[in-house]
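Per-chain residue numbering starts at 1, and chain names A, B, C and D are given in the order in which the chains are listed.
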């Protein structure tokens, strides 16, 4: 396990969020300009990712889905190797075979990413079973969307984790959208955390656009999982500020709703709060911006310089 | 639709329960004696079936599963054609092709029986959609077990029914067993009806061994469905007094638990209550017993006299 | 004739059939968002966004089809069918036969498949062989806009469950579509090009590959006949055998994994029924036994190429 | 050598491998109830009853396999795999390749299939072709107690996901099983009977059918070689071609629906690789393109008979 980036200070978390934003916006621009395969960006959801990942230790494992850049970057993934992966290049985390939709990075503890909605939920119980049966210390954090909560597998996973006492932090990123369908068309309840009680496990909903609130809730949840060995269902209430898959003109999105959430941009909120409270100076903020810009530019250069995979390996790594 | 048997009077319900019991015990004996393919009997669960079916009208449709004899017989199925079906004979409801596990009888409104646990739940929403979109009056009653409630499809069905306002009475027959596994090994909660609230629909648990209580709860649920167009989740708490599939020695069953439930036999309870309250005389009770014995004997004769299906039709009725 | 895209051909077929028959409805994740013109014309009850839950989408369609509606469901990408197998295979495919012919299942399940978007094999996986092997289902996989339209219309009118696969590699193509009512019957192949020297049998994306190969071969004086199967089940064996009886040589070409694919059935049928006239061994070209990678060069290399088809053809003519 | 049943052979293989390797565990509906001796020896953590939820059973196994355990899951009857397709096909089969080789999936999924219990095609459906067509998976389907034991042991030690199909028609058979450690390698066929006139290629229940046919044919001076594939994937093409090169004639026999079944791949491979030596067209015998009915005479008629195999064999020799 490579050393994780520190997310201990608020400024670290701001920097992580900015990195995610800049990385995703650059990929979105590239998708629009050059037609590289689009990504599912999580712009607007950075606090949910960074807040939860900041509450994990290096022993903990992460499962994620198609909208994974935030989780991976917060965990310390190299944006260059990620961009290379998105572009299908050889130096990507998955040798270019994954593209943007199922990036795993075992070296970072990000395992078994699935782009089948709910796939990560089906696998998380097994990963947690390995942790407990092999006596490993870490818990398992499993990120999924409000849409995934409509799939039966969400219930099967939550139930099994409850009955078998598996140490899983189920993190539902409720971004109000399921591709081109609003959450409200798919369920009567507003929140997914309501299911926790039905399964006899702990649950909570937190403001997903407030990274400090997410972190606090995640720390509490992780502590309860470590203490009890039982799963916990944490919902981050947030919003997908861009489209489902770049490029996407969001014509189907209610403009008022979008504007209201944009006004609650998690990055702008944290930045102004830190500046106001003296936790960050303008100079420090500028320095962060500059670092991020340089990292994303370098990542792009790295990715574009990476060779294409060789079609001779089309059937490699299929069987062990 | 053929005329339904009346289940309006308590004595009718007693007779229906006795028919189910006698029919199932005879099949169990035949399975043990002659090795005809075994059935999944619902001995002990007759009140749950009769109570719910008695609350339906002829317009309503029923979906059921592998443990269906009670639902079918309460609805007025001919025990002879049922036995013929179980034995795989030509005069069975499904020409002998179903055997005991997926008997449908469209003429009785018992449609699309599936022996895939949860299969009936996946189909009920569509049947209800037909009812509403084609302007038909009946609601849909969908019977399933506590085990089926562990399958993700239960949640998908309940959620869709809630969101689309489908007129479905979800009837969970919680008989404490899921084949060879006790319910308590599979979920932390004791009751399935707890999920109703999470989906924003009405729900209730009723003593499934008290046919009058089941009937009352079902009448209320059906009324609420007809009035609101919304689904309802009714759980009948009962017990599978025999094994999963005949023959089954139940060696894995806790003797104390079994004895406690046997003491609450739904048929014995109703009979003694009716006799005590004067709703039934000993003579009437004897007459019922005699009628039942004659019907089951005639059914067996009919079934055994029915010819085997012709293998020349192996690929008939595959495509319309 | 009008030149329209496959996307529009599908939209036209849906609109025309919904106009013709009020029982036809369209269900799926985002179908109402993506086809506002259908919502406008037919209303939200007949064009419904669903929750993100393929199992209940399919189950609902199956239950509705059995009871009077004629649903079309859009399940997006073929691998998502992995959640919908029970309803399609165990219910729609089997319950007609098992129930003794009590039900029909007039439904169409649409799913996209094939290389084209660089999204990897959790989106790009050609699964037509699974459904062709499942009794009770039909499978179509057209290659031209006219066939997409005409086959969808026929599929909607068919009283059986039809899997309708859309090769995304073709989606951007435009082609002539006869104006007005024009049905393409299920189970009828098309001779896309006539030739006397060998038969190239294919469907979907590899039909244009074969046509281009045939053009190249013609430059060398080799006249290849190209057969576009259009339907995989029912299979138009007559047209295939007719062609092979004339040419004496056959190459079957498809994108799906060659092993245990549709081409195996075709090669086996040809070997069985045209053994006497075969001048050379029957050949098959298909994808490698590997999941398709996201990286565009890998994805493209997965698909049988014009060069590979030419080479296979030449190898057969050499061994004359 | 000891004569034991297939049921016991499987139990021995499980016990021996669990004894040898502490990472091996057994999960499934009722596995702990049905194998108390394994619970007694290995404890309840390694032999676990699960909730009734095939999707999460499979998903748990896949997640566990990728992270250090070696799970064996019992999914009961093959059609129940319809709930488990995502985890098996999209995750276990694909995530090794898509992740660039980061994971291995050493797991075994056991499922029963085939005629024998008169339970109909929602229990009896031979699905091996589906999994053989899915990249990344292996498929075995033995016919003798020794092979059941030896192949299960090898499957458990294999680092890939293996589907292990148990033909219930064979379950009651006893046979010799070598005492002590004896592995049967995956991907190696057995010559169950030698002969020079034609090759009968089969697996599972139809191997004894072919052997009986061979005995009958021998009475007429026809010497049939019977090949028991044992593994369907990897396929021992060498042994098959070797045999066909000697005999010049082949009949492939299996119970599964003939159309698009495993036999198609075999016939196609033989036609491709042994065209020059074939003295007659390759034939296939398989089930009709229909779901298997429950009625015992229908169920039995579904399976290729000794008479049909003899007739096919004779027809090939006649056209010499």
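Note that in this section a contact is a pair of C-beta atoms (placed from the backbone, for glycine too) under 8 Å apart; a residue touches a chain by one contact, two chains touch by 3 or more.
The structure displayed is predicted, hence computed values, not measured ones.
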(message) Once the contact rule is applied, which chains count as partners of both chain A and chain D?
(response) B, C
(message) Farthest chain from chain D, going by the mean of C-alpha atoms per chain?
(response) A
(request) Quick one: report the Å distance separating chain C from chain D, using the average Cα coordinate of each chain. (result) 29
(message) I'd like to verify one number: the distance from the centre of chain B to the centre of chain D, where each centre is the average of its C-alpha atoms, in whole angstrom.
(response) 36
(request) Starting from the mean Cα coordinates of chain B and chain C, work out the distance between those two points in Å. (result) 41
(request) Quick one: which residues in chain B touch 2 or more of the other chains? (result) 96-98, 102, 114, 116, 118-119, 150-153, 156, 159, 163, 185-187, 316, 318
(request) At least two other chains touched by the same residue of chain C: list those residues. (result) 50-51, 53, 55-56, 79, 82-83, 86, 90, 97-98, 120, 122, 135-136, 289-291, 293-294
(message) Based on which chains touch which, is the overall arrangement a line, ring, star, complete graph, or other?
(response) complete
(request) Give every residue of chain C touching chain A within the complex, in rising order. (result) 29-30, 33-34, 49-56, 79-80, 82-83, 117-120, 122-123, 288-291, 293-298, 301-302
(request) Would you mind writing out the residues of chain A in touch with chain B in their complex? (result) 150-156, 159, 162-163, 185-189, 194-195, 197-200
(message) Quick check: in the complex, which residue numbers of chain B touch chain C?
(response) 61, 63, 92-98, 102, 104, 106, 111-114, 116, 118-119, 121-131, 133-134, 152-153, 156-157, 159-160, 163-164, 316-320
(request) Using the touch rule from the top, collect the residues of chain A that touch chain C in their complex. (result) 37, 88-89, 96-102, 114-119, 147-148, 150-153, 178-181, 185-187, 252, 308-309, 311, 314-316, 318
(request) Sort out for me which residues of chain C touch chain D in the complex. (result) 79, 82-83, 85-86, 89-90, 93-94, 97-98, 120-122, 125, 129-130, 132-136, 233, 256-257, 259-265, 267-268, 270-273, 275-276, 278, 280-284, 289-291, 293-294
